[in-house]
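One chain, chain A, links the two complexes that follow: it is found with chain B in the first and with chain C in the second.
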Partner chain A sequence: MHATSTRKQQYIGDPLSQQPALDRARLEEIFNDIQSDARYDHELNGCLNCGICTATCPAAHYYDFSPREIVQLLWTENLEGIYDAMQEKIWACAQCYTCAARCPFRNSPGSLIMIMREVAIKHGFQSAKDVLRPFSRVMLKLISTGNQLSPDMITADHFADWGPNISKVDAPLKLLRAAIPMPTLNTMKTAWEVNLKTSIELYTIWEMTGVLKQLETIDENLFDVISDIMDERREDYEDWCESQGDNETRRAAPPEETA
Partner chain B sequence: MKDTSDTAGAHFTGHGPEWKDAKLSPLQARAATAWVEAKIDRATLTGKDRVEDVRDLMWQLEKDGEIVVHRIRDEHQPVETKTLYGWTKRIPTEQLWHHKSCGQCGNIPGYPTSLLWLMNQLGTRYLDETDQTSCTAWNYHGSGIGNLESLACVFLRNFHQAYVSARSQGLPDGYYYPLVHCGTSFGNYKEVRAFLLRSAQLREKVKKVLAKLGRLVDGKLLIPEEVVHYSEWLHVMRNRIRAIQTVDVTELRAVIHPACHVYKMVPEDAIYDDEVLDGNRVAVSTSVVQALGAKVIDYSTWYDCCGFGFRHIISEREFTRSFAMDRKVTVAVEEAHADVMIGHDTGCITTLDKNQWIGKAAGKNAEIPIVADCQFAALACGAHPYKIAQLHWHASPVEKLLAQMGIDWERAKADFEAYLEAVRDGRGEHLYDPRRAVTSGPGAPKLVTA
Partner chain C sequence: MTVLVVGAGPAGLAAAHALARVGEPVTLVDKAQRLGGAPILSGYAKLIPSGEWARDAIGGMVRRVQEAALVRVATTTTVSAFEGEPGRFTARLSDGASVPCAAAILCTGFTHFDSINKPEWGFGTYADVVTTTQVEQMISSGQGVRCPSDGRKPERVAILLCVGSRDRQIGREWCSKVCCTVSANLAMEIREELPQCHVYIYYMDIRTFGLNEDLYYWRSQEEFKVKYIKARIAEVTSDGNRLVVKGEDTLVKRPITIPFDLVVHAVGMDPNVDNRALAEVFGVGLQHHGYLARGSAYAGMALSTRPGVFVAGAATGPETIDDSIAQGEAAAIAALGVVRTSAVQAA
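After this line comes the complex of A and B, so read on.
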């Protein structure tokens, strides 16, 4: 069979499909976003196609996925192949970094996949939106509180596949949480009690590093909900600050420093 | 981007019909194969001549006045270890700030409670407080929401808080040194620290955020001398833990599940010890289990991950269940004939523990108790299986393990159920004075004394 390079193609897509074709400028824009990530040159150093990454990859056991293929697509700058892999394949990776530990070139296919996932989100790929829909509750919890897990979700209703032994002591969840001998863990809504001041600091990080923008691109409704929560909690915090004397306020929020 | 217009049809995309023979001569092919063979197997992880030690960059940046290093001081009573490449890594053993794990605290709370209980037995000073966020890396690796800057800012914010936390007790900055509980936090923070040390551009970006938060030290970023995982603390404390052991575990066969993000992410920083499985496996967990007297059994899928997948455990659990059962649990039972599987990370324990029940639906009937190394160590030192090790949250058959250790679990469980009445009445017991947990912001008491 002859080699069938697609590099001269102006468009990507199935000619029989009703889907609009994607032009080369857009493919280049996507690839440029991947390539311009500060980590890119550190994580991609070459590839001998030895395949040790795929041989040790857990996702390759179960999915049509190969870290070697991802590295090759990036190394050869196969724009169409990269775009195609970003639709589904990049989401198969289990992020274990076995590939990175094994690669003789010290490539990190797992890290490269994270860059590709970020770019898929930046460009609002529908595939990314679909994949991330079940993640909404996690993102709501994490972004609004700074804590990813919610003990009140650890119930047989939420995790039927975990079986009848969610807890082997039959008692109300709230009581069992209160019986954990670390005071910070006597919580129901977050895995530990996160200080309101701490959450407010995290909101600044989300805003200044573009995370909220990512969220808005991928799920506008969730973004609205989280924005409302952040506004309310900021008001709560301001009320608390006003209720304190100067000393207490200083302890709670160190003065801004000059960078 | 490279101009590839003149190479159309000649490139190798690595997936099928476009493959082209490299046309190497037999001599060239042998040379290429020899090169790969020289780099792969254990040597893959020992090419230290090609790896920079980012700590060299760190000390230079401090010397240049760009950063402040949170040093491990004599008062932290550090113990020296060796990493994969024979580099020295100092592990602080005193005055520790607990960087908690969302997955541990939410799903398997006996994990951190066992660790703090051990510290109480050994007289280790520590602080567990509410001014800490998740590292946010579980979400990042699962969803792609987040980025290098946000991860770096979260890292620097949490570690700055560790640095200043002792102010609430009237103690100097740097008194407490951060001890990271989660393997993913540990790997992520090390990776992020390396990028921060390598990239002036990244430092400049995050410095603006940290300045806004008031989280700089003398106008500079604060970087920890080492990022330290709790399993490393257990490793260097193993002989002191053995000295307070009360339960004989010599008849137990244990397999270790090492966490990917502990030793595959930034592998040059992982601790290896020639006296632990001849230095062929990461030393943590194995060392403490061996020190306590149990037999550690090697097995063919030792190197595999657990199947957690970050995204998969939440939204594609078929993969998680299958991998956990096929590649870890079944092998541990049928090949290693192990009594217990011991891990040192958040998602691994959850995945391996919770997915055994559903495995039966697919005819995968292997069962094995799953616990963290610190839970195992605490049990061996006489910790209460339910009040301290909180084993009621484990779905796997931990009762079998307790019975093998000679612990009357039914009586212990009845004790705990009776204790719940005391908790209901507000008479629950804590591992430390709860007033210490809030160091600033809403809920903070007036300055408390250590």
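After this line comes the complex of A and C, so read on.
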């Protein structure tokens, strides 16, 4: 069952502000997307304003971020405040859920923030684009293969934060991988060998769950690149199926990719 | 025929006294060795809102009952069976005695919340994390408020409200009603004994209800400079030297980490741990948190779910001493009604 809004007032804004009012319909739409999420009512019971979530929050100790304020904005249906929080603050959460473990009302601020993040992505917030941009290589790998990180992604350029340890990247990774006893790990392009059919099935999941649509909103270029890869690999799969002839053999697994 | 009163705390003592005064015999049983209930057994100091010492106030109620010729007192005694109808019940006591009685009044009280169930607040881990009950005992014994670890006078005391109350995480979905006022009272006691000591109270809401507003909430600030911080503490740890309390000051909106010498848990009132057994023996219902259920709020405040069996005091939910006494007297008049009615029917 979806939550129903209890909001009565038409507009809560700053009457003295010279800034143009935000488009009310857009604010309503964003809030409605958050509130109508199936998890919303389960994770938000009300708020006693005790602050134990913020007190226990690791992010709150380092950023201008307070899970209690996020919960208050949602509970009081402060649309402008929610919109503002989605510009930056919601991305400070580490999703550790200590807040949920401590809340005397059994709210889960971390889960509410997760919902807000998904809505920020859906609505193409610049904050979502900025936060996800550094992850484009990971998203490319993840969406096209189902693996987050593969040996061929580990290059000195991309892991400057490893410090002196980055020199180890120059090791003969391909040789070292080949030495791993499990044949499924003798790969460079993926963390382990991914069956082509599995990848194709994964693409169907991405499409049906709306992940690709989210990607298109957040990063159109990456979406194009990934779409091309998907098309190609689907063709590869079709070709392989045809090469197998009758339906009976089509069910068998296609050949593994080579590293 | 006698009226059976179970539990000799404020409610039971008031019920027994009220019945004896109008000439009704009473059998008063209590599982403890002493009469007086929680205020005496747990060594409370000065009571709210009267400011009288518990040993004087409740002690006086105990003496009054002990001196009443019509009240038969049985300590270290429980009721093992209870059968019959209003006007002709029979109670079997743990000492083997069989007591015919016209009615029964359950004044079986509550159990203090055991702070060990909130481990993140340090009770049981750090010696200097104590409960309000322990501070009451420090004051009532004359020892004074000291850190249990080394006996030093604390310079900084934190009182955490709602420990074992208003907390869905541990299934305590009720307000224990008195802890705010008790804590304000203890804070003033501490400041009076140790004027150099800073006392902070961490609260979610302050519920010094009714006439306790100015006497406790305001007075503790105006006269005793007790600091109130709206925050629920996340955890109590130690830096090896002092206790460290972590929270968010929700009104000025910043996370706080503050050292303390003594942390006091304002523990709430759990349903009496014996309530399941009591409900079984007396054939009465429990409400959903496990307190004894009231039969009706309006037909008579002392009604249980069984005719002829009445309830009073904190057995039915968190209650003040004053209201427990009032309910004990209300139960007495209800029981007297059963006694008189059955006497008329028998005639």
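One rule holds for everything that comes next: the second predicted complex is superposed on the first by the 215 of 259 C-alpha atoms of A that agree within 3 Å, B and C clash if a C-alpha of one lies under 4 Å from a C-alpha of the other, contacts with A are read in each partner's own complex, and residues count from 1 in each chain.
Quick note on the criterion: contacts are C-beta pairs under 8 Å (C-beta built on N, C-alpha and C of every residue); 3 or more make two chains touch, one makes a residue touch a chain.
As the structure is a computational prediction, the values presented were derived from the model and not from experiment.
Bringing the complexes onto one copy of chain A puts chain B in a clash with chain C.
Looking at the shared chain after the overlay, A:K189 reaches neither chain B nor chain C. Touch criterion met: A:R106 reaches chain B and chain C at once.
With both structures placed on the common chain, the touch criterion links A:H158 to neither chain B nor chain C. In the superposition on chain A, A:L175 makes contact with chain B only, not with chain C.
Applying the stated contact rule after C-alpha superposition, one finds that A:W240 touches chain B and leaves chain C untouched. Contact with both chain B and chain C is seen for A:L48 once the two complexes are overlaid on the shared chain.
When the shared chain is aligned, chain B comes close enough to touch A:Y97, but chain C does not. In the superposed pair of complexes, A:L149 makes contact with chain B only, with no contact to chain C.
Of the two partner chains, both chain B and chain C are touched by A:T56. Within the three-chain superposition, the chain C stretch that clashes with chain B turns out to be 205-213, the only such case among 7-15, 79-87 or 205-213. In the superposition on the C-alpha atoms of chain A, the part of chain A touched by chain B in one complex and by chain C in the other spans residues 48-50, 52, 56, 61, 66, 68-69, 101-104, 106.
Across the complex, chain A is touched by residues 120, 162, 166-169, 204-205, 230-235, 246-250, 253, 255-256 of chain C.
The touching residues of chain A, when paired with chain C in their complex, are 45, 48-52, 54-57, 60-61, 66, 68-69, 101-106.
Across the complex, chain B is touched by residues 1-5, 7-8, 28, 31-32, 35, 37-39, 42, 48-50, 52, 56, 58-59, 61-63, 66, 68-69, 71-73, 76-78, 81, 91, 94-98, 100-104, 106, 111, 114, 117-118, 120-121, 128, 131-132, 134-135, 138-139, 142, 146-151, 154, 159, 161-169, 171, 175-176, 178-185, 191-199, 201-202, 204-206, 208-211, 214-215, 218, 237, 240, 248, 251-259 of chain A.
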